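Scrolling down, you'll hit the structures one after another.
In the two complexes that follow, chain A is the common piece, with chain B as its partner first and chain C second.
And now, the complex of A and B:
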């Protein structure tokens, strides 16, 4: 007998899905903003000949980029309590996303920083600007512009990766789906709807990031 | 007392000695041209004067600001010394006016109200009062270089260094940039420039400095240097460029 689709089996779970999607969005906003902020700071640190900081940042980036996100999450949620640091599900999930995106975006933004011609930096030096002023006013915006598509993709990847946080019972979208599926046994319908929701969130996020990019890099018109 | 005083400047890149004891004094309002073969150390010398290259030995003093090989904070020196580069090096995400205003804003903390007026003043000085809101890639090479000059002048340096400022330009754009440099010289700006424009050097400079293998091989007023070179190397150099 052919499978009978029954999307009405989802009725009554709308609130749960909405709440899950809401948490996914919250995690993405926190992870995206703080992660990119860390990426900017990390790229700055690595661009400087500072003895201790640069290698520490390099080590952080390597550790995160060469270990699974799920393990990083478990470490924060199950591992840290051994040191007396107890995080809630949302806190652990958000922190894991921040730490993860921070490492990837450090590497991405660093590539942008390295693409800035040496001559522009020397011109800024010759104008008596400090290294921090040069980074902020001369390097950062053109560097971000250069790598904005890659950085945007990474933010989307981290948003999708937040589904893993269901494993520590952070009640985001995938958690909601698993929960509903365990109640109504309608795996196809549940995951079909959740797939569509992730897709919609991704498209929305990409659109927002591209608008943000336009706002950051746009030129004012001149006469 | 000279405005710029270089005493015993030495500089090596690894094992390659590039400056081998340079003594040079430049007085306020003087225009000095550095000439010499490729690799003779002209750019390196200019770059030491505003601290873009550290020196291994010697003393640089500009308007009372003294530095030697031990100094690491060179910004006080750079406040007194402007530099214009062969490749313009404008900030591509900023308009001409913003390029000019950036350093006065962040380094000197000039008030917002003065900044725009400063940009207008400086860009008018280089003949670009009508290009304030253009971005670098909307300007010709000659215009970009003039914005770069305005950007340096906006910090009100005591001396301006120019490293082959017309070498990257199409021939038809050279004159407009040289005209600006000539006007600065006429207005009394102290200039030290590396140039291959011998006619321009002859007309505008007070002193010509011929560098050879990291040393000042010969120097003097342009008429003397051109018409009566004392050394074989300078004769060859002048002969070579015709």
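And now, the complex of A and C:
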């Protein structure tokens, strides 16, 4: 007996899907911004290297990169209450994504930072630029420009990883898919539509990040 | 000619009466057979704690086993436990391999066509559980509370129907998520089956899931062969007596961590 497709079984669940997609997007925005910020700070601490901070950052990076995201999420949501810290679903999901992206982007940005030739920095010092100016204009911005594709890929990976947050009942897109499927039992139709939604979100995110990269780093020469 | 017919008739009568003998023997009902043999054969589960499982000493233990012993004592005979699975428990009964089925058996119209059921002896229900101190006597009082439930389960479907709009229902992907959420305090209450709640209570957790109210009840019944009215009545009498003198409550406390619910 051939499977009878019935996409109309999804009608009426439109706002549940929209709400789920909205939460996925907001988790990604929070995770992306805070994660990259941590990445820049971590890369700076490790590449200098800053005396006490560098090994701490190294330990953090190694722990997060070598453990599964789901386990990190469960630790924050189910484990922390034992220490008296109770996080809500959004807080735990966002924190897990920030911590995760922070570790990976530390390494990605550090690779970019360490690829800046020493000569550039020496030239900047000889022009009496302050260390902060050197870091900002000579090291960070060129580094970010170099690793921008890798960094935006990582942000997209973390966005897709937000689907794991359905495990702690955060009502994002995958949660909406599982919920609808448990009510209308139409697994194929539900997951097909949600896959298409994730694909659309990923393509949109990649495009936005690429435009952002162009806006930030491709400066047109004036005069 | 007459003598031939006579002798043929006589042999026919003898043959028929010989045939009747085994029929007469079967007409003795199950209750009489059990009392005569001094043994009650009961089908019990061995892979479904807390109703039936195998202990570390390789002996069967559980709610259903205790029930079998209780009924056998009421009949004044010994127990012979026969381990069965969900698939073969009813065939074992209908083919006479066992006298009773005490194996977390639920009642439904299809089964009622094939076998008879006693009075219920064990609760098997879905309900809302929570720690002491929280008084929730009905679904309306879930307003403003956080309840955890396993997505797609019977409890989820039933709870969604009765929960008020201001109740915060958190749906986890599996039983373990729901249990973790309750034990870590992420949810105040949990909607689950009494067997799951009993399993949690057995681990003596800091937060005890105590029944607040019932969502759906599908108790266990003893399965008896169709037409064995004498046996059914005796079993029912034993169950009623056990409820009255508290021995059924004791079994429930031992295996489910809680006495029989008030509405049982």
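Everything below uses one rule, namely that the second predicted complex is superposed on the first by the 217 of 223 C-alpha atoms of A that agree within 3 Å, B and C clash if a C-alpha of one lies under 4 Å from a C-alpha of the other, contacts with A are read in each partner's own complex, and residues count from 1 in each chain.
Keep in mind that, in the parts below, a contact is a pair of C-beta atoms (placed from the backbone, for glycine too) under 8 Å apart; a residue touches a chain by one contact, two chains touch by 3 or more.
Please read all numbers here as calculations on a predicted model, not as lab measurements.
Asker: Applying the document's definition of touch, where does A:77 land relative to chain B and chain C: first, second, both, or neither?
Answerer: The answer is second: A:77 touches chain C but not chain B.
Asker: Would you mind checking which one, chain B or chain C, touches more residues on chain A?
Answerer: B
Asker: Figure out whether A:49 sits in contact with chain B (first) or chain C (second), or with both, or with neither.
Answerer: neither
Asker: Once chain A of both complexes is superposed, is A:127 in touch with chain B (first), chain C (second), both, or neither?
Answerer: first
Asker: Under the stated touch criterion, which partner chain does A:68 make contact with: chain B (first), chain C (second), both, or neither?
Answerer: neither
Asker: Considering the complex alone, what residue numbers of chain A touch chain B?
Answerer: Interface residues on chain A, with respect to chain B: 117, 119-120, 122-130, 133, 137-138, 141-142, 145, 217, 219-220, 222-223.
Asker: Which part of chain A faces chain C closely enough to touch in the complex?
Answerer: 74, 77-79, 81-82, 86, 89, 166-169, 175, 178-179, 181-182
Asker: Sort out for me which residues of chain C touch chain A in the complex.
Answerer: 148, 151-152, 156, 170-173, 177, 180-181, 184-186
Asker: So in the complex, which bits of chain B are touching chain A?
Answerer: Interface residues on chain B, with respect to chain A: 50-52, 75, 78-79, 81-83, 85, 87, 89-93, 95, 102-103, 106-107, 132-135, 138, 148, 151-152, 155.
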